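In order of appearance the chains are A, B, C and D, and numbering begins at 1 in each one.
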Amino acid sequence: MDTREDEKTGRREDEMLGGREERAYSGSELMACVAARELRDGEVVFVGIGLPNLACNLARRTHAPGLVLIYESGAIGAQPERLPVSIGDPSLVTGSLMVCSMADVFQCFLQNGRIEVGFLGGAQVDRFGNINTTAIGDYASPKVRLPGAGGATEIAIHAKRTLIIAKLDRRAFREQVDFISSPGHRARGRSRADLRIPGAGPTRVITDKAILAANAETGELELAALYPGVTVDEVRAGIGWELSVRESLEVVAAPSAEELRALREDVKVE
Amino acid sequence: MDTREDEKTGRREDEMLGGREERAYSGSELMACVAARELRDGEVVFVGIGLPNLACNLARRTHAPGLVLIYESGAIGAQPERLPVSIGDPSLVTGSLMVCSMADVFQCFLQNGRIEVGFLGGAQVDRFGNINTTAIGDYASPKVRLPGAGGATEIAIHAKRTLIIAKLDRRAFREQVDFISSPGHRARGRSRADLRIPGAGPTRVITDKAILAANAETGELELAALYPGVTVDEVRAGIGWELSVRESLEVVAAPSAEELRALREDVKVE
Amino acid sequence: MHGGNSVSRTASKVVSMRNAVAQHVRDGDVLVIEGFTHLICFAAAHEIIRQKRRNLTLCRLTPDVIYDQMIAAGCATKLVFSWAGNPGAGSLHAFRRAVEAKPPTLAIEEYSHFGMVARFSAGAARLPFWPLRDYQGTDLPVANPQIRSITCPYTGAAIATVPALNPDVTIVHAQRADADGNTQIWGLLGVQKEAAFASKRVIVVVEELVDSSVIRADPNRTIIPGMIVDAVVVEPWGAHPSYAQGCYDRDNPFYTAWEAISRDAERLQSYLDEWVYGVADRAEYVRRQPQLVERLTARRAMSGEVSYGY
Amino acid sequence: MHGGNSVSRTASKVVSMRNAVAQHVRDGDVLVIEGFTHLICFAAAHEIIRQKRRNLTLCRLTPDVIYDQMIAAGCATKLVFSWAGNPGAGSLHAFRRAVEAKPPTLAIEEYSHFGMVARFSAGAARLPFWPLRDYQGTDLPVANPQIRSITCPYTGAAIATVPALNPDVTIVHAQRADADGNTQIWGLLGVQKEAAFASKRVIVVVEELVDSSVIRADPNRTIIPGMIVDAVVVEPWGAHPSYAQGCYDRDNPFYTAWEAISRDAERLQSYLDEWVYGVADRAEYVRRQPQLVERLTARRAMSGEVSYGY
């Protein structure tokens, strides 16, 4: 986890949404709330910077006080007093429960199967949840060179489930990604079971307009829930494949007053 | 390294040797001096308890103040204030330069090739310096079950050179050992080079009567030096194969006054 | 964003040794009580003996006096190890009687120290094997067919392998932990971290239960995180006759005395009758030897402090 | 048996950064300056740029601003890495210009973080490879044929492998060391221990040179032993704009500013002219920004002490 999603989602002004003035919220605030609700109390979460960090700290402040935050930098049980800018921020260390080497993070925690939830983001996501964080265009002669996999490959493989955070955009949500940095539910035609990948993969894709979820049989991402006031056509406009829509479509609740208060006062989102 | 050698060598009364009263010394004191003289200043030594511990601390107090003592328990640069009874003694930790996990000891120090000298001992030593610390008789139904290899296998393989410490005895120095726990210069007919063993093997076998050393071509242990007043026949009486004797036989010097003082006062040998 | 020990999932991890053993150690388990000379949890072994666990596979680099007692008490059917002596004092005679019997009454699976460390490392990393450059020219791979080899995909060289060791339960003694099991150890670390991460269940036994704020003040000292710990037992002097750096010294006279005790099977049983079956728990064991505290309590040798500020 | 620092083989390990780089960093070297966000030794990178080293193969998990500067300065012909972004701020534009050029002017060899950590672990253990359960379903093994696989001799499963990384020289920044290079680090440890043990030569750069007695008071904090260290450089603020836990905070505004600086090749060269070529050493770099000390000096957050007595 790193700042990939931050680069993609967090760096432009959010328009304010919501009905009444006192409950107005930004798109990022809604995404943070939606992601936080996916986390259960006591779970062990591999945290990234940006929206995942907001979501984890929001969940700790609301329904999941026993969430264990682990950063790939080696901080275990972090309680940052400020919003960390990087996953190696010193505030993740001060007052944490444990600091270990990165060899231990990847071997004893991640590969060991101790991580219950991982967050992923990326420049390109395909219909099976495969992610490209490596390069746009040809790998050897890229049009745009992206940062690369970082820890996302092994998070995608070993976390018991992952949450993908990405804003809808036809250039991002594509039939096929140019490069598979992190495997989804089917990679180059092979299922996770076939590839002997232990984790369940991306159970939810949290976008700025809707939640996508994988079809249990095919592994294809489908529209599972809409944000308040969003139409199916608006979602389809941001997706580069023929999106399936579930029959019983959930509607996501707007952020509650308590969620917004916690997000703005405790988590200190600016 | 452990207390194998202690069990074999240190638990009976030493007779006092030497010519004049003020220079009288025990057999163990002489062995400790001979072993200490094999260590060069600045070398990194994997230390065992018993005679190796005496020898290392004597060397530090005389000609090799920069000797780095490493114990397989994880104490690096130990400066024990008392004679440790075990290789995990707390006195090896207090005031040491570093304490690391045993995984680091074996991987980052020993397998990495950072250990220059290792000490070995054992119930049986054969003509090529192979050592048995495992079992007398058949492995599956042993006559005497010995403690086992401990760290001696990997010390014998990875230390740049090893020193074997053992008292002469026909039951101990045998044509063949019942079980090879630690490889010498030729094991089951194959040379160290052939077996891709990195270390040079046992360059010296320090006994209570003489020093044996390996023939550079054949790897066979030969008589290289006699202790004061010892005859070749006395040595042969303690060895179970036809011992070759080097043409230019060295004579080992008796412990100097300074060696005895350091051993008795600084190293505090009882 | 601070706010107390919000990581604890439950406060109920802190239990008595009796309850920890009753709940987490079962007949037939693959059991590890680790600690290389340092922090060997005799208190747990004695409780396991009292509760008459049977058919255990005991794993340790150095079976030490602790497993000699458990073998003598009839707990074990198999031993996995690398060096079975009494450091500085002699043999483990209960072990020797069992292995030298015709036929042997104890099965063994034997490695070198590096091999055992590598097995725990593989277990902790959930890899099926661990590679090591070892065993060439020795008879160990003949004695133990679990020692195998692999061909390096880069150099073509043969590299030895050992299989992962994933115990059912691992017991680790430590200087201190918080109520959630976040555990700090200093001095010799042995293979405790690897054994704990390799294990299905983990019991931590500590000299001192501390507030989470003590742990959080120095997070680099934490060796085992609470998230992998099932039970926390507070048992001062629980490692005697081994030692706890900063707390009490090794009882070398006891280790020396074990040579004569264990050499005589009847005397060994008398020892168990008096000091294991004959006491209710570790507290009584300590109470009945008041000289231990006087003889072995550690002098202080302070570490100094560092700052974690930013 | 105590008696001073009898382990030092020589007192001459303590040298200036200029001398350390002149003596130990050579054209064509495989060079590692590690530190995951924490303790990234910019002081060493700037001296390497000033001394105009060429044809370096630079290895790091996160090339970060430090390697973006070295790439811009023309030091590197190859980059070995796993994540090449500017954490929290954007891209490494010198890196991107080199890799997006037709044809690219910088060769790359790319892994994931776990893969890079595994390469250093193998190097430190002097194993030719390291096994990891990774890369299934990804295009990384296609992009990088050094990512291979092996068949487990116990389960028959295919396990990925990466080759050992054994650098010519590794530079590690740390809070403190003694004159022999016994080095203590707290806070994030990254892969510094593994990189140092993997390397042919090791330079340690410290915020503070301390007496050996400080190291010996808390030996569990030592990450790198002096016996593998070739040079010790004392360079306060040597990790700026990264940070040193307990000493100074990360300069986040600088990282943010790098986005605009590095996006413009000319502006980047002006930066190097002023802050790298334009200063003699790190002391001058710090002297010319007096506000750094005021802005970034860490508050204290003390660890507490433990006892190592027996």
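Everything below uses one rule, namely that a residue touches a chain if its C-beta (ideal position, glycine included) is under 8 Å from a C-beta of that chain, and two chains touch if they have at least 3 such contacts.
Because the structure is a prediction, the values reported are computed rather than measured.
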| item | value |
| --- | --- |
| Shared interface partners, meaning chains that touch chain B and chain D | C |
| Most widely separated chain from chain C, with each centre as the mean of CA atoms | A |
| Where chain A and chain B are represented by their mean Cα positions, the distance between them in whole Å | 59 |
| Chain C and chain D: spacing of chain centres that average the CA atoms, whole Å | 36 |
| Distance between the centres, which are taken as Cα means, of chain C and chain B, whole angstrom | 29 |
| Overlap residues in chain A, where contacts from two or more other chains coincide | 75, 90, 93-95, 99-100, 111 |
| Residue numbers of chain D (touch at least two other chains) | 126-127, 132-133, 157, 186-187, 189, 193, 217, 220, 243, 245, 249-250, 298, 301, 308-310 |
| Graph class of chain-chain contacts, one of line, ring, star, complete, other | other |
| All touching chain pairs, where touch follows the definition stated at the start | A-C, A-D, B-C, B-D, C-D |
| Residues on chain D engaged by chain C in the complex (per definition of touch) | 126-129, 131-133, 148-155, 157, 159, 161, 163-164, 175, 184, 186-187, 189, 214, 217-218, 220-221, 243, 245-246, 248-250, 298-310 |
| Contact footprint of chain A on chain D as seen in their complex | 36-38, 61-62, 81-85, 87-91, 95-96, 99-100, 102-104, 110-115, 117-118, 120-121, 132-140, 143, 157-158, 186-191, 193-194, 243, 245, 249-250, 252, 255, 298, 301 |
| Residues of chain B defined as touching chain C within the complex | 2-4, 6-7, 49, 72-75, 85-90, 93-95, 99-103, 106-107, 110-111, 130, 134, 139-145, 147-154, 157-158, 179-183, 187-188, 190, 192, 195-198 |
| For the chain C and chain A complex, residues of the former touching the latter | 1-3, 6-9, 124-127, 182, 193-194, 197, 212, 215-217, 219-220, 222, 225-228, 308-310 |
| Complex contacts: residues of chain A adjacent to chain C | 41-42, 44, 57, 60-61, 65-68, 75-77, 79-82, 90-91, 93-100, 104, 107-108, 111-114, 266-268 |
